[in-house]
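The two complexes that follow have subunit A in common; it is paired with subunit B in the first and with subunit C in the second.
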Partner chain A sequence: MSAVSLSTQLINLFASVILLLAFAMLAQRRVLPLINLFALQGLTLCLSTLVVAFTTGQAHLYGSAALTLLLKAMLLPWILHRLVRQLQVRADVEGLINIPATMIAGIVLVMIAFNVALPISQLSSTISRGTLGIALATVMLAFLMMIIRTKAIPQVVGFLAMENGLFLAATSATYGMPMVVELGIALDVLVGVIILGVFFFQIREQFDSLDIRNLEKLKEH
Partner chain B sequence: MDLFILMLAIPLVSGALLTVVGERAWAPNLNIIASLGTFLASALLTAEIVAAGPRFAFGEMFFIDSLNVFFVALTAFVGLTTSIFSGPYMRNEQEHGRLTRPRLRLYKSMFQLFMFTMLAALTTNNLGILWVAMEAATLTTVLLVSLYRTPASLEAAWKYFILCGVGIAQALFGTILLYFAAERVLGETGNALLWTHLVDVKGQLEPAIMALSFIFLLVGYGTKVGLAPLHNWLPDAHAEGPTPVSAVLSGLLLNVALYAILRVKVLADGAIPGGFAGNLMMGFGLLTLVVAAFFLSRQKDIKRMFAYSSIEHMGLITFAFGMGGAVANFAGLLHMTMHSLTKSAIFFTVGHASQKCGTQLMEDIRGLIKINPVIGWGLMLGTLAILGMPPFGVFASEFMILTHAMKHHPWATPILLLALGVAFASIFGKVQPMVFGETQAKPLPHAPAITPVFVHLAIVLMIGLYIPPYLTRWFHEAARMLG
Partner chain C sequence: MNLFGTFGQLFAIALALVLAPLLTGWVNLCRAWLQNRSAPPLLQPYYMLHKLFLKDVVLAHGASHLFRFAPFVVFGCMALACAIIPTLSTDLPLAPAADTIALVGVFGLARIFISLAAMDIGTAFGSLGGRREMLVGFLAEPALLMVIFTTAMISQSTSVATIVETLAHRDFVIYPSLAFAGIAFTFVSFAENARVPVDNPATHLELTMIHEAMILEYSGRHLALIEWAASLKLYAYSCLGLALFFPWGIAEGASVFGLLLAIPALVAKLAIGGVLLAGIETLNAKVRIFRAPEFLGTAFLFAVLGLLVRLLLESRV
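The block that comes next holds the complex of A and B.
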């Protein structure tokens, strides 16, 4: 019994770290530290999945933990770092975010997420069910990040952080999706980032910058 | 060899092959031959399913029944005609200097891979794989939307990627919730995302979770269908991408996304009493229809206008499936078929028309009937067909949807009639001078491929006049499965 409660505490700890990192990403204006925060979030996600796998003996969760480590903590951050280097946007700083207001909006979103998740997590019987609210909050914070960012790479990091939140939701409510689905999702995310990499070069070639405020011409008049 | 495997393997293999040999002179023919092979395999598969009933493939990973085989046949057919159309169209674009050889290679290989993802999404039994294939379909088309590399096309592709990405993320959350609801009934056997297992236990799924799950799935996949208020990506992607891509996005991708919603609606209907899922779909459908109808009148770009017309029709179809029942489902399926065929035919003629006049602005396109009577008549007939004029098939399905709405949901009738009326006035008023006005445009270097246009319109006309009994049976069977 004490082992279970220790692991529950560990899972809750890791989940709160993930939420904290989501807030940190929301407030981070520089692009390279933002990617590092994302890598750290992936690593925490992997650790929390490992604890769930170890406690419940679900063999396929070790697989998804390994996949998370490989993809979200190593490969994707590496690709993003490379992109930043090649596109020479190292010094890209977001100017127009009002951080205190964003934080307050984020807190409101977290409260909403916990209220939505409460009835579902009460029906769940997994040891990690308490973290479903956090997972949903992470998704919503990532969504907020995508809305307020004006540079292309931070928007993509927001998109990937949203996927992290969804993965946490899957492990907390159900001990993870079937392996074949998880592999498919991982493949989609990887291919998506590679395609976006190609796409960034096209945008830069055309506009000399990765500021997506350039991309607001198509409107209904 | 198994027809099903053949049908999935041809686009996958030829897509990979075209990345290598896509710049050769015969590559467009390879594209057509591959599409023809896919179509033949799907036609034979359809015959097999109609004769022998539903079947599985690869264990229980894929499942083909009379509902999805109908979409498979339609998808493969429109894929074939689009590949025929794109041969001369893309050569003209290349000679106008708008496209280079490497980009044409990208186009052909991505087109085949897109067909593969569509067919995989339609035939998979696993709702998780369905999500994966839908996302893969976005990924294969995002670089096609930006194929011209103009500022506007890059913006359209970026919007397409981000909006559909956000939408599809919501669908993933919906899928997770669905899996959660199913796991409580089916246990952790790995079968809890298989549709054939889910449909057996749909009555036991927890209603509260299913309701939340269906909302997320409807909004998520609905983004790809083009349902308001998340339809913004659609007109941009259709207007700025190459015309063959507009044709398959409108004719196929929207259908496949709607198919995904229909599959989960069956489960949601079984789990939640009181027609919750249907009411939600009716609401979204009506909203989409009205929003699109009023945006139609403000359009200046011809492809943008017909993109809004696609949104309008998707709204109408979603409304029809929302009403549910044998008649409305039948009408919805019929309308989906008619819309796919008519809209892709319209995009084919629009592509040639704007190539001739060197613009997509409607006020600069004039007198098509004088430059090329075939294109002029094609556009006029296509427009009449899509506006629901008898004797075309769209009239039959719209009439069924309207009469069914009058009988069971009379409050919706004035809204439907108003929206359809506004759409008619806007589109017809703009197409008429384009076809019959005065002009000085020059002919094109490569004669356009007109056959696909008239093949599509002939089928639409035939179904408007006479639906063959085997087709009726097939539609009935599929409509019955939707409940």
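The block that comes next holds the complex of A and C.
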């Protein structure tokens, strides 16, 4: 039992917390707590990356951790908070299916992800290979969130959470992507959120609501 | 069965009977403090039991034998549960009588009898409370079982004593699965003990009460037994939680010293647990009864996640 090093235990613990937060986001009804949960997920991701960096001595992972902290735990939540304030979103987030059913779908997704990831992670030799299943599950849960939510902001949060999951997968399978790729993705996400922020205003201007089901009515004339 | 084990077992049961109302009183005291109310005395539950035992029993006209029989069954079930769960020592002669799965069954038996007794008189409130209790119960039991399976997988045994011995004696390892199971267990014990997010033990509000609705028709020594059983249930759940997730300090083997050391450890852990319980109860509002399935569904989800995480992350360990 004691053969497992403390760092692996810590990484497993942080990965579990990330999975927990993914479920909490899935179940969260209100917008602002949803954004806070996303920020918390970013923070946990940063801590887990730091542990991997410290254990393996991979210097560029420190950079990734710092980038995660700045972007996902501080900047993006701040932008989203500001958007919510400016758009004056008050109503609860509504989903296409109710929360308990969502949860059950989530459990099924986690089972699938774990089963798919198990043979892959056995090929890998990193200390954090066990968390690949959790990373995959986080991606799929974020997908589920984007599918079942009808409002624009939770969908964007789902998109960002998916990026969190991908980042965790990259860290656990191969000790992170090259720095150039990571910077590129970070910039993409940032620009994406800013553009989507502009979209929010346009959508609301057009329909007086952020419900993206309205977009189905758009037709070319 | 040795003499010391028998003595330890009897002592554990006696301590449970004595400490359980004190725990209830302590939680009520903390709740009152946190909510800026003037607190009842710490020993209030004992005064209550004393008063009720001295009073005559008033039975409704339609009461059957079941109604008179039920408080004794419920009390017996809870006392048995307290005897099985290792509170002070894992050297319990009664422990082989029932493992954790049977323990869930013992709680289930008590629930069935109290619900039947509630419906026996035929008042609206009784049936309403009985039905709600069964609703909460059938959602809480699978979650509780899942929690137990997670801990049982770690220790390769469903006997509570063995689980505690395994968990307490191992090098310190972080188990993410146990964290999930712990959260799920907290949710379940709040629902099972009629605490705030699901039920409010302090009010008799018609629309929301569950536990209180079932025992409205009881009086005198019957009510005393049921109140005492409710305290014992809270005590049993607290001790089960402590035994599964914070097993340090529980004595093992036959040693008087270990037993003596286990008592202050148990009291301290229960006192801290009581403060936390009161804090959570103060911070949360009671949810609508229709939200209770969601609350317990979340508990089940956490428990299943714990099981899955155990399989994924810790299977190679």
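Here is the rule we use: the second predicted complex is superposed on the first by the 206 of 221 C-alpha atoms of A that agree within 3 Å, B and C clash if a C-alpha of one lies under 4 Å from a C-alpha of the other, contacts with A are read in each partner's own complex, and residues count from 1 in each chain.
Keep this in mind: contacts are C-beta pairs under 8 Å (C-beta built on N, C-alpha and C of every residue); 3 or more make two chains touch, one makes a residue touch a chain.
Keep in mind it's a predicted model, so treat the numbers as computed, not measured.
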(request) Would you mind checking whether subunit B and subunit C clash or fit side by side on subunit A after the superposition? (result) fit
(request) Applying the touch criterion given at the start, work out whether A:108 contacts subunit B, subunit C, both or neither, answering first, second, both or neither. (result) neither
(request) Angle at the Cα centre of subunit A spanned by the Cα centres of subunit C and subunit B: state it in steps of 10 degrees. (result) 150
(message) Under the stated touch criterion, which partner chain does A:27 make contact with: subunit B (first), subunit C (second), both, or neither?
(response) second
(message) Let me test your reading of the model: by the given contact rule, A:100 touches which partner, first (subunit B), second (subunit C), both or neither?
(response) second
(request) Have a look and say if subunit B or subunit C is in touch with more residues of subunit A. (result) B
(request) Using the touch definition from the top, say if A:118 reaches subunit B (first), subunit C (second), both or neither. (result) second
(message) Contacts for A:133 in the overlay, against subunit B (first) and subunit C (second): which applies, first, second, both or neither?
(response) second
(message) For A:10, using the defined touch cut-off, is the partner it touches subunit B, subunit C, both, or neither? Pick first, second, both or neither.
(response) second
(request) Compute the least Cα distance separating subunit B from subunit C in the superposition and give it as a whole number of Å. (result) 19
(request) Spell out the residues on subunit A that touch subunit C in their complex, using ranges where they run on. (result) 1-4, 9-10, 12-13, 15-17, 19-20, 23, 27, 99-100, 103-104, 106-107, 110-111, 114, 117-118, 130-131, 133-134
(request) Spell out the residues on subunit B that touch subunit A in their complex, using ranges where they run on. (result) 126, 128-129, 131-132, 135-136, 139, 142-143, 146, 149-152, 154-159, 161-162, 165-166, 169, 172-173, 175-177, 179-180, 183-184, 188, 190, 192-193, 206, 208-209, 212, 236, 240, 295, 298
(request) Spell out the part of subunit A that touches subunit B in their complex, as residue ranges. (result) 116, 119-120, 123-124, 136, 139, 143, 146, 152, 155, 159, 162-163, 166, 169-170, 173-175, 177-178, 180-181, 184-185, 187-188, 191-192, 195-196, 198-199, 202-203, 205-207, 212, 214-218, 220-221
(message) With touch defined as at the start, can you tell me which subunit C residues reach subunit A in the complex?
(response) 170-171, 173-174, 176-177, 179-180, 293-294, 297-298, 301-302, 304-305, 308-309, 311-314, 316-317
